[in-house]
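For clarity, chains are labelled A, B, C, D and E in written order, and residue numbers in each chain start from 1.
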Amino acid sequence: MDFFAHHILSVVLFTPLVGALILLFVPREQDSVPRLVGNVFGVLGFLVSLPLVHWWHSDWGGFTFEENADWIPSIGARYHLGIDGISLLLVMLTTFLGMIAIFSSWSAIKLRQKEYYILLLLLQVGMIGVFVSLDFFLFYVFWEVMLVPMYFLIGVWGSDRRLYAAIKFFLYTLAGSVVMLLAILALYFYAPAAADGSRTFDVPTLLAAVKDFPDSLRVWLFWGFFFAFAIKVPMFPFHTWLPDAHTEAPTAGSVILAGVLLKMGTYGFIRFSLPLLPTDTVLRARIIHIVIVLSLIGIIYGALVCLMQKDMKRLIAYSSVSHLGFCTLGIFALNPNGLSGSVLQQINHGISTGALFLIVGVLYERRHTRLISEFGGLATPMPNFAAIYLIISLSSLGMPLLNGFIGEFTILQGAFQVSKAWAAWGSLGVVLGAAYLLWLYQRVMFGPVTNPINEKLPDLNAREYATLIPLVILAFWIGIYPKPFFAFIEKPLERIVHQVNPGFYGAEHAKLPPLEMQPAVVETK
Amino acid sequence: MLPIGHYLFLSAALFIIGVIGVITRRNVIVILMSIELILNAVNINLVAFSRLYGDVAGQVFALFIIADAAAEAAVGLGIIIAFFRNRETVLADEMDLLKW
Amino acid sequence: MTPTGTFLSFLWLIPLFPLATAALMLFVGKRVPKAGVSLLCVGSVGLSFVCAAGAVSELLAADSEHRVFQQVLFEWLTPGPMQMTGGHLVPFVADWGFLLDPLSCVMVLVVTGVGFLIHVYSVGYMAHEGGYYRFFGYMNLFMFAMLTLVLANNMLLMFVGWEGVGLCSYLLIGFYFLKKSASDAGKKAFIVNRIGDAGFILGILLTAVTLGTIRFMSNGLPESESASGIFQVLKAAKDSGTLGVITPTLTVIALLLFIGAMGKSAQIPLYVWLPDAMEGPTPVSALIHAATMVTAGVYMVVRMNAVYQLAPAAMDVVAVVGAVTAIFAASMAVVQNDIKKVLAYSTISQLGYMFLALGVGAFAAGIFHLMTHAFFKALLFLGAGSVIHSMSGEQDIRKMGGLWGKIPRTAVTFLIATLAIAGIFPFAGFFSKDEILGRAFDRFFLLWIVGFFTAGLTAFYMFRLLFLTFFGYSRADEHVEKHIHESPPAMTVPLIILAALSIIGGWIGWPGALGGENRFERFLEPVLAGVISETGAVRIAHHAVGKEIFLMVLSLSMAGAGIWLAYEFYRSKRIAPQLVAEKWPKVYELLVHKYYVDEIYDALIVNRVKDLGVLLGVLDANVIDGLGVNGAGWLARFSSKVSMWWDKWVIDGLLNFGAKLTQLFSYPVRLLQTGLFSSYALLILVGLVVLLGYYGHHMQTLLRAVR
Amino acid sequence: MLDKVLFYIFAGLAIASGALMVTRRNAVHSAIFLVTALLATAGIFLQLRAEFLFIVQIILYVGGIMVLFIFVIMLVNLDVALQQIQFARQKWVALIVALALSAQFGLMLWSSEKIPGQGIPVLAAPPASELPANSEAVAQSLFGNYLLAFEIASVLLLVAMIGAVVMAKKEK
Amino acid sequence: MNIPFIDAIRSYLQGDGATILPEMELTLFGLGILLIGFSSKDSVENSGIWKLIFKDFYAKTAFVGTVFSAFTLWKLRGQVAMRGDLVGFHETVVVDGFFLFFAGLFLAATALVILLSVKYLEIEKEEEGEYYALLLFACVGMMLMASGFDLIVMFLGLETMALSFYVLTGFLRRDKRSNEAALKYVLLGAFSSGILAYGFSILYGLSGTTNVRLLSYAFDPSSPLAQAIQLSRQPGPGGEAMRERFASQYPAALHLDPSMLLHQMPLFAAAAFVLVAVGLFFKVAAVPFHQWAPDVYEGAPTPVTTYISVASKTASFALLLRLFLTVFAASHEMWLYVVGGVAIATLTWGNLAALTQTNVKRLLAYSSISHVGFILLGLVSGNNTALIGIGYYLFAYVFMTIGAFAVVIVLRQKGIIGDELEDLNGLYQRSPVSALLLLVFMLSLAGIPPTAGFMGKYFIFLSLIETKHTVLAVFAVLYIVPALYYYFRIIVHAWLKQPGDAPRVLMSNAQAVALGVAVFVTLAAGLYPEPFTRLAHYAFGQ
């Protein structure tokens, strides 16, 4: 138990890996065993992450549950893990969605099951790793590691244009991340070395060192990181990999892709890009302006393009562009409202869009098509499906009492404090969001059943309920009582705002409370 | 001895002639001979410098170059023969199976 | 003494009852027997009504200054500190809290009361429809949202209800989702509403950053001094003399909020969804699109009256929009042939009236009209529903007629409602409408003129409807004719109750000029006090009694004129449409108006002359719908085409540029990688020459330095 | 003086026969001119007082390698080849590049002569009389300083031998 | 016992002989193979136990040779650790960390190639004795390239290696592609050797010595030699003493022009540098001297291709590094842009040309060209990080490239050539393990963590940033993207395409061992790079 408490993050991180390794030795001929093992480890992965929440104290602003061990001493890379409230939420989202995604593949995947589950679990490791790494080197390793399983998930189990989509996804992301690698190296090199001349990749140390950097260097570093994250998010105009990847990926892949992978970009923005913003106000304002304009274009552009889509998954993919535009908008408002809204919206997007992809998956499993025109009037044969789909659509379009609203409103509130015009444009995205999602809903669910094949479609089965209901519950939870979620991120965000936008707190609170490193481990109760 | 420049000029001339032979001739045997000429140019350099410094290292070097030239010629001609057996040609631009 | 009581402390039960049944219906409704559904759903609304009545009575027990009860259940949205315009940081919190004050008392009673009646009615009306449980689930969900809206203690929670009712409206309009027109209408309603909502949201945000709070008031909270409320902040600003600074911002807030109100309450130019919304089942139209939801905008403006009173410019805008909507919609109602469409345009028109009232500062009158309108318009819709029910679903008034004797209860109650809406003394509509017109007269003569003519029009088109539906010969098909029957008691009893309310409902606002004391206005007075007492927007008017009576007589005679005209046209048929056409070709708008209505009625010369109704219809379809809604759709398609193009050619193009470059590049590579020995050797030589050249070039500078 | 004359004769001969070797159509002629060039080079060696190398050049090159060449030329029977074009298509480009290379070499030689510090140190070479006996000196060096090189050369020649055998072996 | 002959040998082995002991052992084993081949062919045919021993006898012998040699290297390492660098044969050869590192790599590569060759030769039906002997002799040449401290030794080592490779390339005499590749290789190789030799001759002419240490002094104006020469020109006892020292140790110095030493790279020296560089660039296959590589890689028997791409390249880099880090070290700024330009050209050409290849060997050839670009970039920055990076990169390169080619070799079955992309189709179904291994190698070649290839690139990029060559760094880093694309073309064929009617892939034990070693190192060096960075540190004496 003690060991568990001391290495909780490692346990969370490597539980899926253990699953993958066990799967390696499962004989290929056994069809149901890989599926079982995969699911067990999906659930296990989620269960072992629960203590994180249990042990959490809402007044913790710094990193906690730290683990710090030598890895490559000669270059100063360490195995340094730790999370704060922001990463905690994202880790939980990852383990949770991972579990759902694995479960959702129960009957959808018939081909090469063993490999499929191995890859999903490996992907899980990569994603958790990105969120818990406190060492740039480790972070980068996980960042890249994650691409490979995703590539295969799309490439092997995807639909028709899977090869194109998979490689496009890989290349796009790689292009961004190699530039980020340079930025990381530059950060590593320009940060002052320790007394004995050794350098470090330690995230807190390096980010603290940034404050002594000249602005010109900061600008370069900022853009270096920016491209990686902007492609991952994806921000306009770096988004074109997303529709292809989302569309071609199998359901679980899409869920993970939309639910978690995109969040790495926004997470990176919050964690790494913001501290790199230059101190010079003019320069800073210019950079922020560029990013915000791209976000706003993304919001509206994504929504408009949605209106024209014929393929359900593609539509949802473009809606991600729009929703993630909100996230970046909130981040670069640089105030607590915008940031907390953004973090929450990341979670929300994971839930809503993940669920939307599951819903498309339900239809795809029944009909093997995703063309909107193939459907119509499904509310008649599938009433319960219709209800859940409606709730999820509403959650995605920002209906109050559901999660989306909380995020969008808080983001708009944050943006509004900086510029009224930003918020106004952002709210246009809200309007369009309703338009495309409801139109989609109408075309799929309402009207008479136009296609005779659809008349006999069975309603949701127990397994599909089991994947969708938790998401619906979460959607309501966040929509009705988001306070616990805000509590996780309040203190960490306060620190970040202090660091990157000291003017915000004004003279009264100008001094940042010194960061007390949280106890590495919590006493288990 | 004469000024070193004379020898260098001679060697450079032979080198360039050899190079021209390598890049213009079609017959691989002649190409191989041109390479011998290049090595010969190297030897002139070495021996001239050796004379300049009154140091025999250059001459020893030249000796090894001759040995190397012999070895290359032997292997090269062996390969040419093998090639000729298979392809019935010794023209450089007819060896074009491998490209792009 | 602050109000207390059991019902008050369980105030949250009021919205909870419908929510609980709604959830039950939507999740397991399929398995609940029909009777159970009816019992649960109607019963829950009834319980809400009882609770509401109890709470109101407990509130009324307190003296008038303290009639505020506020209850915060939990902190809902807590995104951390917010920076106000001035740079101050305030902790931003949106409560989940309920507020009961005289204003919400009125609303909650109207909503639960009328809602209950309509639920009862629905039991009869929907008895043979599929998706019974679904219908009631949506209806109860609507009740929940509407009650949240009216009971909310802050703008954001109000927005929750606001969006919730919009959603339910969407669902209920599209209840017959197999019909494309129904689901289209639902979607249209939702999207148009969303446009307004965007304005509302921005208004909320602007309020938040300007005033630092979005709670309406802090009265009734445990620490009402320290807790902030919009009212309190404004008062503090006034006390510190900084009110002038924020006044322009308040105007903007007021206008943004009004955009929201325009969407929800179907004002120009966002009214277009409401006529289409008639695709929904008739009880829905009665509840949502007549009595409650569409009046949410009015309620919201009144709720925010403290802000509006400080923004006279915004008030003027409200008044003008209201007046124009009123007459515009009324004129269109004249030419409609669908019984529900007539009522829909009428609703728009009446909502315009209400906004006219708000705009001229008669907040109480606006709410008063809202209440009476809820009674008689619900009655009208329910009556119409009853007619449709008896006519086996026929909605076209040209195919009706002569129903008076066949469905007497419906007919009589319909007549009462018509009289009420026409503003005939002493029906409810008379009092509220007169109050509005009187205040408009005080404020600006032209507004009164518009309202005055609208009153005439209203009387005209309502009686036209009445005459065509219930009088004359039956024009129905034979097999329909055979099945005409009075509706079951479940439907007629609510009609009768509402009819009673339509008569007596106005009496609580019996004006001073007629010997009453306008108790309604007094009741609302504490809510409408405003920050600056001397603006007087809410003071009870003390006109000269003579003038007031004069105005009443004028409007009554106008209504009478409308009724007479309708009678002449549609009952006695003494005025032939053609005659009018020849006599006054395109002279005066009003006459033209009449002229064309005739033509439509006869359906003979529609194509030859430009009837204003048709014109407006065309305007509606082409200009407003066309530019507004379809235009937006077109814009969306266009921009997404552009976007797709951009995506495909520019962005992917850039990506593929690499590939193109490669192909381009592969040519010289292929050219060089010939597989030919000589070219390889030559390339080596070229490399040698280039590298040597680099140094040769380099040496030039070196040599020059040496010389 | 005699030195000079000898050098010019041998140098001229070497360049001329080199040029002829490159341009002759018949490979056998080319081989003969190569022999001439090599012999002329041997003369230069002699003129530079490298007597041992002079002998090696004649025996090894002219006697050994050239025989090998001619043998191979005969073996592959070039009658047909005589009728064909002897230069690659790119010869003009090649010549231009070669010209550029000559220009650069020229510049290099010129600068090494004219500009101090740019080229070969031009201190006086030790007079011929002071030189030790050539063969002896070479032997000293070869088995002293360069013993290792000598050993490697044996491996090199062994490799060449195996290579030639493997390559030229008839198919079974 | 006091037998003079044995004593002589013993003392030789404790003196100079120690410095070339590994090479000597390899040579002896090579000779042994040849002798057995000539004497005892077909003598033991059908007797049971003998059959077991004599099956693949040559390969076994050669393998044992590499093991012996490696063991000797290990002992030498101990000696070096105790006594410092060993110098022998009048300073024509040194044994230092640099040599030990590279020699270890060569031996590892040789051993792995031997393991990979057995089955391949069986399928090709070639006699094998000479083949293995030549492998060993090539390795001897390479080791001498790394340990040589004298131009002559270096040149001869290079030629030994090159000649072996010419023959090995053409070893499949009946195969037209093999013939052609060998002929192109020998002609171009000899041509480039001529250029290199010409460069060497000028180097000799500039300094009057072939010793690398003295050469490096001669090219460094701040070296003690420059001062000593200045001193020797002075009259007086000090000058006299210096003149005498020169006369005995370095007679040419008496003739050297002191003013030459004042310039870092006079034109003549520049010419020497360019000629040497071109010769070496050819050997490492840098653009535009690379064109032999794709043709030779494609034509040569695949194990030989592996050997060439790995060992020949590494050895040539060892030679190149030895020269650039000693002789030309002082004039780093003078050739910075030359190497940088070649590096960028190499990266560009290698990556872009690889994109459209359909032959795996050819594709890997271009990919190995692009790797040369990365390594040369390390030479551009030239600081400590860069050297570690180069060492690490070469180390990683050896194992991942062997791994990648090994999969191609495994694919070579009876009746299937297996080096076209199409031949890889459905490898995953035919042999999941090799498909998985292929994936690891491709990721490593592309530089995706956590594989060895990434760490190598990491150091190179870091060094570029440290020396502020940001533009080069961005260039280099972006070339990872097209690289990934073509590596993943291989992956696509192996994993995502259907196998058609291609047979299952059978892997011999030797091949399995070789693949296992390669994949182990590739992954271990990526996951836990610490020991491997130490190795690189060791090689470059830091």
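Going forward, a residue touches a chain if its C-beta (ideal position, glycine included) is under 8 Å from a C-beta of that chain, and two chains touch if they have at least 3 such contacts.
None of the values given here were measured: they were computed from a predicted structure.
Of all chains in the assembly, those touching chain A and also chain D are C, E. The minimum number of touch steps linking chain D to chain E comes to 1. Of all chains, the one whose CA centroid is most distant from that of chain B is C. Put simply, the chain farthest from chain E by mean CA position is C. In terms of Cα centroid distance from the overall Cα mean, chain A ranks first. Inter-chain contacts peak for the pair B-D, counting C-beta pairs in contact.
Centre-to-centre spacing of chain B and chain C amounts to 96 Å, using the average Cα coordinate of each chain.
Separating the centre of chain C from that of chain E, both taken as means of CA atoms, is a distance of 80 Å. Per-chain Cα centroids separate chain B from chain D by 6 Å.
Per-chain CA centroids place chain A at a distance of 65 Å from chain B.
Within chain D, residues 88, 90, 94, 97-98, 101, 104-105, 107, 111-112, 116-118, 120, 122, 145-146, 149, 153, 156, 159-160, 163, 165-167, 171 each touch two or more of the remaining chains. For chain C, residues that reach two or more other chains under the stated contact definition are 669, 673, 675-679, 681-682, 685-686, 688, 692, 696, 699. Within chain E, contacts with two or more other chains are made by residues 152, 156, 159, 163, 166-167, 170, 173-174, 182-184, 187, 191, 195, 205, 255, 263, 267, 271, 294-295, 481. Pairs of chains that satisfy the touch definition comprise A-C, A-E, B-C, B-D, B-E, C-D, C-E, D-E. Against chain B, in their complex, chain C makes its touches with residues 669-670, 673-678, 681-682, 685. Of all residues in chain D, only 88, 90, 93-94, 97-98, 100-101, 104, 107, 111, 115-118 touch chain C in the complex they form.
By the touch rule above, chain C contacts chain E in their complex via residues 658, 661-663, 665-666, 669, 672-673, 675, 677, 679-681, 683-684, 686-688, 691-692, 694-696, 698-699, 702. Partner chain E is touched in their complex by these residues of chain D: 104-105, 107-108, 111-112, 116-123, 144-149, 151-153, 155-156, 158-160, 162-163, 165-167, 169, 171. Those residues of chain B lying in contact with chain D across their complex are 1-10, 12-21, 23-27, 29-30, 32-34, 36-37, 40, 43-44, 47-54, 56-57, 59-60, 62-64, 66-75, 77-82, 84-85, 90-93.
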